[in-house]
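Right after this note come the structures.
The two complexes that follow have subunit A in common; it is paired with subunit B in the first and with subunit C in the second.
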Partner chain A sequence: MAETTGEKKHAAEIELSHVTYRYSVGTPFEKAALQDVSLKFEAGIITGLMGHTGSGKSTIAQLLNGILRPTEGQVLIDGRDIWAEPKKIREICFRVGLVFQYPEYQLFEETVAKDIAYGPHNMGLDEKEIARRVEEAARFTGLTPDLFEKSPFELSGGQKRRVAIAGVMAMDPEILVLDEPAAGLDPRGRKEILGGIRAYQREKGNTIIIISHSMEDMAVYADKLMVLDHGHLSRYGTSHEVFCHAEELKAVGLSRPQITKLMMELQKAGIPVDSGIYTVDDAYEAVVRLFREKKQGGMA
Partner chain B sequence: MLRDVTLGQYFPGNSLLHKLDPRMKIFLIIIYIVTIFSANNPVSFAVVLASAFVLVFLSKIPLKLILKGLKPVFVIMIFTAFINIFWTTGDHLLISWKFIKIYAEGIQYAIFMVVRVLSLIIGSSVLLTYTTSPIALTDGLERVLGPLKVLHIPVHEFSMMMTIALRFIPTLIEETDKIINAQKARGADFSSGNLIERAKALVPIMVPLFVSAFHRADELAIAMECRCYHGGEGRTRMTQLHLHTRDFVVLGALLILLAGIIVLNIIF
Partner chain C sequence: MESKNYIIDAKNLCFSYKNEDGDPLPVIKNVSLAVEKGSFVAVLGHNGSGKSTLAKLLNLVLTPDSGSLVIDGCETMRDDLTDADIYDLRRKIGMVFQNPDNQLVATIVEEDIAFGPENLGIPPKEIRTRVDEALKAVNMTEFAHHSPSQLSGGQKQRIAIAGIIAMLPDCIIFDESTAMLDPAGRAEVMDTIERLNKEKGITVLLITHYMDEAVRADRVVVMNHGEILLDDAPRHVFSEVEKLKSVGLDVPQVTDLMWRLKKDAGFDLPGDLLHSDEAVEALGKLWKKLSGEEA
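Up next is the complex of A and B:
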């Protein structure tokens, strides 16, 4: 289990195969949350899972790490059914880390360091390895060591979020699923948390799935985007491949990033910018380049 | 999971019993309980049991649902029947084997007790819990207990506390569910180890649950103060309670039932 920092291990791919999930089976309140869904998350990249409210995103997250058991169908990690041995489902929680929506409510320990160590501790790791992982996870989530001995309840909302994410990261799962990790944070907090997750993925090379409905964030931080419509795959591809289908996105209740819309407006106004721009950084570069060209043109 | 837990649940509907005034229902239930306890012979018990089913019919709640709700008290009923069969003495000895003696009176008494418990639970659940929303119930209680204000008993505060508690039961259940899942995802193990280990495993659930409950209480208090809540003094209501003809009709019917039972007791 002990690995040296920076060593990339085998990345796992995870797949839902014809999964149907119904809530409250056998009661009058029975309701299908997912109906015959098949999705495949590629190994070693960040996939942004997007869909509007009620499209089954959070249910998928809980199916991926065995918290929920599919009513029908299978969840496969590298082709092996996670429910093959139901008694060993707890092991799956160690292989597939899940950070719930608004995870700050899960904190309970006396100190930040102890709380981050809760997961690794449950895995039965030795103290030295736990300390190393706590330190590492704190680094990725931007928690400074001076916070380690504080009570998690003294922290601000954004810091609590980081502790909660670090608590799952420290388990060093092969696959990490995050449900709206940046929801309700200010732009700087979003950038730091999502940037930290990306840095973590780049260093570990593991498989990450981020659930979000922010096109802006996912255009920047995800390698591939997966768009869901009522629990079914509507689009899958790079941000360019997904965002060029504007009408389809609109139909499922999502829209292109605002910066793309702005670029299109500029284009309509006769300014020669590329409409395939999805991040503010790219837009900045494009506009600067345009100004430079104009300046040079003016001088000539 | 936890969300399947049912607690004194209200079943929305539009039947006669749903429409009754909650204050009247509280009186009705008292009369009904008195009726059940005044029955003392087979005929009046039969009438009492029949009346319980008439109430079920009036409430339009599926009988299956009510029988399902009876499951938890099933053990109690069996237990009461058992005690009555073996411990009641009388004139007609039926079976005598070693120290066990069963009398005809014992069996009769056991049946009476079961019918009593059965009609008590069916009657009160159909009259009150199934057909009265928790809010209407506490509202009714506040009005019925209103006279106690003279004795400086904070009736309004009590009913407000009850309303809030009832309101937050589903929220807390949902919250617990969420926390259990989050800790499970971090590898928490609730189902192995000895008693002390299992109790310790609950800490990661109880701490966040209490923290969020206090937080919620705080927020609710602020929200109430922001809307100028200052207790029951001079407070008016959005929905005024009115007694209708139907309330008196049902009251009359129940009083007739009570009188009938008393007459039956005298005859038999």
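Up next is the complex of A and C:
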């Protein structure tokens, strides 16, 4: 059915090494958004980047694809400084795709297909390859071909969001950074967008960074979680390694998934359900297993 | 029933946008909704279900194609309504939007809050009182002289709310006002909304995609394709798990787990559990029963 694109590319890792970023340098409003931050996004996985408003998430996103240049320190892709040759920084935009918050306001082409093709066009690809990429990106974002010739402005907000994400996916970047891709969508829309991003990552094997405020979503869709606090790295690890620090999360303005709180309350009430449950699916399995074992134990 | 108990009494509202060819695109289809003064109503619905259009109709930003809309006892679908009447009615129903950065206009917090009352032509002394009270109502008094740009998302939304409160509305419509906030910001804003409702008696219409926020309302209205699909207490609405999922919505995680345990694993549980303490109690009972068999 759906065409697979063959070989997985080499997955790239991207890191900030002792990065300081100051806004409005040389004015009375100078302010450090990041201060000597070192962190690494692992190759070939989805990392959920979380943190309170103003923790530096969006600044990091813009540093990763070269829109912002570090005041001090380096941004490294596979160990190479992206600013080694500042004149070539535009190429970084092709290697590191960035989907901004509320990207649906950035569509401008006459048709959906043209909008998705804009990035690949700028990369100088041939028409056949562009068409293949448009079709593939549309598939991952759940856009049906009957929408291709419509004006993006005829679409609903959720569909526009998909077009914007597809436009960056079609550039097939080694690293894809998405700033709140599911914000403002209804529950089904959230699942479809995040599920599509995961399917894309699993097929391509590339490196993905999703900025999100939803602990529930990140518990389901991210492989690793990174927590920022006031421009510093506060935690990095699996959902278990991050969500087990309940008090610390609360102190940095985040929280654990609701289902995790329920599991903790069950434990307190004397029902020995597993610790470390962060999704409804896992909670369902754990509770069913526990009660079955109890029942069988009782009958034995 | 007398309409005077209602801040909003909409009957058979219809509204269409026009597409490129000028053909009508119906968005609100025969919607009737009466909102009691002082109540807290959550409005759920998939993207494009008509929630925000309904909000704009209730706030008189848009005019219905047909139907009746009574705001605080005054029929708004009359030809003889003057601009002054409309301004007065709009003031009664305030709106807070999604993006905090699009709603603040001044460079100092207290000036931003004064913007609305100034436009209403309120005397300066009265404005001072209103601004101070509005700041107090959202717990932001200590930030009166800050620049909004220095505030967090949750704080900015509280300032946007204060700006509405300073116009002394009877009802505030929140159109996904927590969608862009981090968990702490969402909690701050939700606590503020709940307090304004309980303590100040302000009627709240909360449009949201977060099921855990809707649980805090007295009543939940679910929109689907421009019509009202469900309208009941949260406990009843969220027991309709399959119906909600079929229209692209969800239920709170606790409700979802309990429903799946009951339906897929045959657990003997009530079908309308909303809060985690209820879930703990229900599962605790089952657990004790199993322990009893063991003994």
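In this section, the second predicted complex is superposed on the first by the 282 of 300 C-alpha atoms of A that agree within 3 Å, B and C clash if a C-alpha of one lies under 4 Å from a C-alpha of the other, contacts with A are read in each partner's own complex, and residues count from 1 in each chain.
Quick note on the criterion: a residue touches a chain if its C-beta (ideal position, glycine included) is under 8 Å from a C-beta of that chain, and two chains touch if they have at least 3 such contacts.
From a predicted model like this one, the values you see are computed outputs, not experimental measurements.
Look at A:93: by the touch rule set out above, it reaches subunit B but stays clear of subunit C.
In the superposition on chain A, contact is made by A:184 with subunit C only, not with subunit B.
Legend: residue contacts after superposition of the two complexes on their common chain; A:62 is shown touching subunit B, with no touch to subunit C. In the superposition on chain A, A:108 makes contact with subunit B only, not with subunit C. Touch criterion met: A:123 reaches subunit B, while subunit C stays clear of it.
Subunit A is touched at more residues by one of its partners, and among subunit B and subunit C that partner is C.
With the contact threshold set out at the top, not one residue of subunit A is in contact with subunit B in one structure and with subunit C in the other.
Every residue of subunit A that touches subunit B in the complex is listed here, in rising order: 24, 27, 62, 65, 67, 90, 93-94, 97-100, 103, 105-108, 118-119, 122-123, 153, 167-168, 171. Taken in their complex, subunit A has these residues touching subunit C: 51-54, 101, 154, 156-158, 180, 183-190, 213, 215-216, 253-255, 257-259, 261-262, 265-266, 269-271, 280, 283-284, 287-288, 291, 294-295, 297-299. Against subunit A, the residues of subunit C that register as touching in their complex are 19-20, 45-48, 98, 152-154, 176, 179-187, 209, 211-212, 248-250, 252-254, 256-257, 260-261, 264-265, 267, 276-277, 279-280, 283-284, 286-287, 290-291, 293-294.
Interface of subunit B with subunit A (complex): residues 3-4, 175, 178-179, 181-189, 203-204, 207-208, 211-212.
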